[in-house]
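Here you go, one structure.
Order as written gives the chain letters A, B, C and D; numbering starts at 1 within each chain.
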Amino acid sequence: MSASLKGIRLAVIGGDDRELFLIPELEKLGAYIVGVGFEKAAPINGLNHASSLIEAVKQADVLLFPMYGTDERGVIKAKYANYPIVLDREVLQAISPHVPLIIGWARPALKSAAEMMGIRVIETAFLDEVAILNSIPSAEGAISMAMDSSVITIHGSQSFVLGLGRNGWTIARTLKGMGAQVTGVARKPADIARATEMGINALHFSDLEKEIGRADFIFNTVPQLILDKVLLEQVSKDAVIVDIASIPGGTDFEYAQLLGIKAMLAPGLPGIVAPKSAAKILAQVYPQLILRHLNTIMNTSIRLEVEVRRNEI
Amino acid sequence: MSASLKGIRLAVIGGDDRELFLIPELEKLGAYIVGVGFEKAAPINGLNHASSLIEAVKQADVLLFPMYGTDERGVIKAKYANYPIVLDREVLQAISPHVPLIIGWARPALKSAAEMMGIRVIETAFLDEVAILNSIPSAEGAISMAMDSSVITIHGSQSFVLGLGRNGWTIARTLKGMGAQVTGVARKPADIARATEMGINALHFSDLEKEIGRADFIFNTVPQLILDKVLLEQVSKDAVIVDIASIPGGTDFEYAQLLGIKAMLAPGLPGIVAPKSAAKILAQVYPQLILRHLNTIMNTSIRLEVEVRRNEI
Amino acid sequence: MSASLKGIRLAVIGGDDRELFLIPELEKLGAYIVGVGFEKAAPINGLNHASSLIEAVKQADVLLFPMYGTDERGVIKAKYANYPIVLDREVLQAISPHVPLIIGWARPALKSAAEMMGIRVIETAFLDEVAILNSIPSAEGAISMAMDSSVITIHGSQSFVLGLGRNGWTIARTLKGMGAQVTGVARKPADIARATEMGINALHFSDLEKEIGRADFIFNTVPQLILDKVLLEQVSKDAVIVDIASIPGGTDFEYAQLLGIKAMLAPGLPGIVAPKSAAKILAQVYPQLILRHLNTIMNTSIRLEVEVRRNEI
Amino acid sequence: MSASLKGIRLAVIGGDDRELFLIPELEKLGAYIVGVGFEKAAPINGLNHASSLIEAVKQADVLLFPMYGTDERGVIKAKYANYPIVLDREVLQAISPHVPLIIGWARPALKSAAEMMGIRVIETAFLDEVAILNSIPSAEGAISMAMDSSVITIHGSQSFVLGLGRNGWTIARTLKGMGAQVTGVARKPADIARATEMGINALHFSDLEKEIGRADFIFNTVPQLILDKVLLEQVSKDAVIVDIASIPGGTDFEYAQLLGIKAMLAPGLPGIVAPKSAAKILAQVYPQLILRHLNTIMNTSIRLEVEVRRNEI
């Protein structure tokens, strides 16, 4: 199924539990892997530790940065690093032309710097194949949180899903599979119609205020302030809100707390609740991204080098 | 739910069994309905027969043509008409400005004539809310045909759905709900990923040739020649093909027959298998279309007349 | 999975389309098959025609009679026979001791005659593994009939299933999988509770009269007069009744007709709608039945003969 | 739906979080409720505290003991009691004739003592309507525990359910609804066949040893040592075992630990994971039990007293 990565040198830079499962998968496909930021992890099959980010970058044909990229100061998310790993100008300058930088979300500053320096940045979090498959661990994590916080079962509950996008559909379908009475809230006629077809009670956002009162569970996926004061006033005190929209979520959490409504912000669930499944998704997508990239850099020295190494082994 | 049509005069022109159920629904919403082409039907609640198309057109604020529109000579599909009803230049000229012509599919000739004459044509077959909801009777009709033609059950069968669009998803989900092993065949990574999430075995069209051999049932939804000679050669002689793509379908039917494979073309199922459900869909969508149109023609004489009539009653 | 039938001689006597698929399956497992009553069928792989029932009986270690057994005069159901095949006293006397008579339903007369003559009759229609698996083609057949007779879709319909037994559960689950609003009608608290768990609206028979009025589809599985005049009076004129209980069904069909309600009796669907699937069920169950029987007749001459033949081949 | 309890005095004795939700429900149905063992709980609507068990017993027409009854020394499970409540001989002697003792599980000693003293004990844990509906919170709790302990998703996992009884079916159906590949392990042909019908991979216990190796999640429901050393040797080190059979479960937990396999015993989940849903189940069942009991004690003084009170209010 997955393509061979024979002869390709990958630098895996930081990340979370996902990378612990991802590295052996990529190694099995034939890649040579150098990593930085795994000092505190248990030994990982197929990983060659680099002494610094610069050193890792210099050795690689492809750079794999974590799903959550960097913080505003350029520090790379690296759960198992002993010291901060910083993606600064010096490092960027050390990246050879034609070496792609694969990353989940890239901050605007990184994107503009990379563009100026001719570095190809590939953001994976927006790829449908990553985002939709990642919606599965997200949905399970969100539902698990909802179960842990409630005194009732999902089965038979009134469960509202705000937003029928990549995450919303998966949450809605899973809840329905568990026996909940699911209401999907959307705006587009296509989504309203599809929800009806799937046996999900379809509701337009404009009718949410008058219906939300019967919700036992509310799952928000929309990265805008949806559950504002006005809506929260209608929500039952016994309801549980799980918000998986990216930070800061779509809920007025302070006001929810004031009203005594349980509300939790839970972005980034895949790497936490099911790192192995999340790693498997990346292990399916990365090789194809990498090979597609190599095909676009025909006749370059990198490609020739890779070819040589592929034939050697 | 549905908006009031009080004071609005609708001309319903031809159609099939759907219109028999649609007319009473629209009448219940308050519309005055004049119809043409229902001479052979049993009496229909709320219908006022017009003596000719011209006469009907002259009385109406909105014209409702059938889903299947006209044939290449302008003859309107009208299952219950005693004589051919023709949409010709004379009729078009009789249509007042601001009177919209609502129709399923409009032929290019009709569209260009209407544009020249300033007539607003609203095609409904392409509206998501119509097409997705119509996919339900289509899917049931296609599956029912497949069952009638086969010596095995849907449950436990290998069922392939070619194309995961508005119809494909519905067929796939219904088959899965009945216990089939469903393979969804698509091209877009988003569709492949979503199929996986839904528990549908996802297949890229490029791998179809080597997998199709295990299919018991094949449902085609793609309006292009997909099941060509090369693919049909791989299909089991016991398989059943149901093709619901619009005429001429996506199957080389002659070659299938030559190979002894059962293959059926079945476009336009909603009006045949479940006219009442299909009418209900239209009865949900039309009022909103009509009212939205009336809002766009503010301050016109038609709108004023309608307002007067709405207040009178 | 299936056990070997090597060295075992089976007589297949009459039947319907199922047997056309069953015989090659049994032959593949190694059985030698002699058949009677297939003169009008196309050639069947692995079948050796016997000239008469007596001749077939004399050659066999095991007798396979059809699912529907015999009529009241002893005539064996045999769709592809050129002449009536009668199971009379002479034939019964020709059956050697230890040769089991496997049959779907045996009439009381046959059972008592067999008992007197020391013939082991194995009725398969009451075996859970046969009855539950047969419920799948039955359910699909019943639903297909309902679809053909209705102007609405199963999806979104109010569908009632009377009796939650081996057939009822399957019909209910399939309808739910297709998107119907399913009401399961039962008496036992266990069934009511299980229906609730499965997302099926549970109803006690004592409440049926006041609820039946909202049914679009009614599937009866109870072999007693359930849909009597009193209940039928409450049923909508647009409803469709499919009764799969054994003849005469559980519906007052005459009264239904009088009221203008569509009602169909449809027993014995598996052999009609999906003979190949139904044959596969029997091909799974018969070998185990046969081998279990052979193990119970240890040290008899038949068993020894079979063993010799098994080793020879 | 639920019957009126007007005029009936109930003693609720101990219990867990369920009783906090159960008491207000029963009070809403009209019962007068006296409770013992709720000193540490927040105020409960409709509860009148008794100063001792004896006092509570003396005031009541019906006694409601907790689901988990008493320990071996007669101490009643009472999460919110300030001091141990003991069901001793003195208390039993204080129970009037015709006052039923409703309890989840009664120990043999209690049952024999009650029988000798003519006290009617009604065990509810074995009632299908309680056990099957309780299987819903049990299943959700077990699945939630499995999710919390695993690095993979339920979706796409190989999940084994050992035992297809009241709990097993619910776990299997829920897992399937979440997208797992479910294998149901059973012994009875009826269960094997039904699993097949439901789209669950059916496996006989005799084949478990050779199949268990591929399981990611194993849910045991059988109260016998099923997962013994021999089977555990075959289980993947990455698998997660959740055992919901009553104590001591069906797993050799020590050996599992030795092998490094995560295994958890989790009996009694309903009252822990979803006390409100579990209370709702009891609130549906108890009124019917109570009224049925009252009907059996026609013409007794208790019944007459209740009738008088019912009319008074």
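Odds and ends about this structure:
We adopt the following convention: contacts are C-beta pairs under 8 Å (C-beta built on N, C-alpha and C of every residue); 3 or more make two chains touch, one makes a residue touch a chain.
The shown structure was predicted, so the numbers you read here are calculated from the model rather than taken from an experiment.
Any chain that touches chain A and also touches chain C is listed here: B, D.
Interface comparison, B-C versus A-B: the pair with the greater number of contacting C-beta pairs is B-C. The distance from the centre of chain A to the centre of chain B, each centre being the mean of the chain's C-alpha atoms, comes to 39 Å. Shown for chain D are the residues that touch two or more other chains, namely 136, 155-156, 179, 197.
The residues of chain D lying in touch with chain A in their complex are 17, 21, 136-137, 140-141, 144, 147-148, 150-156, 174, 176-179, 273-277. The touching residues of chain C, when paired with chain D in their complex, are 127-129, 132-133, 135-136, 169-170, 173, 188-190, 192-194, 196-198.
For chain B in complex with chain D, the residues that touch the partner chain are 155, 179, 196-197, 199.
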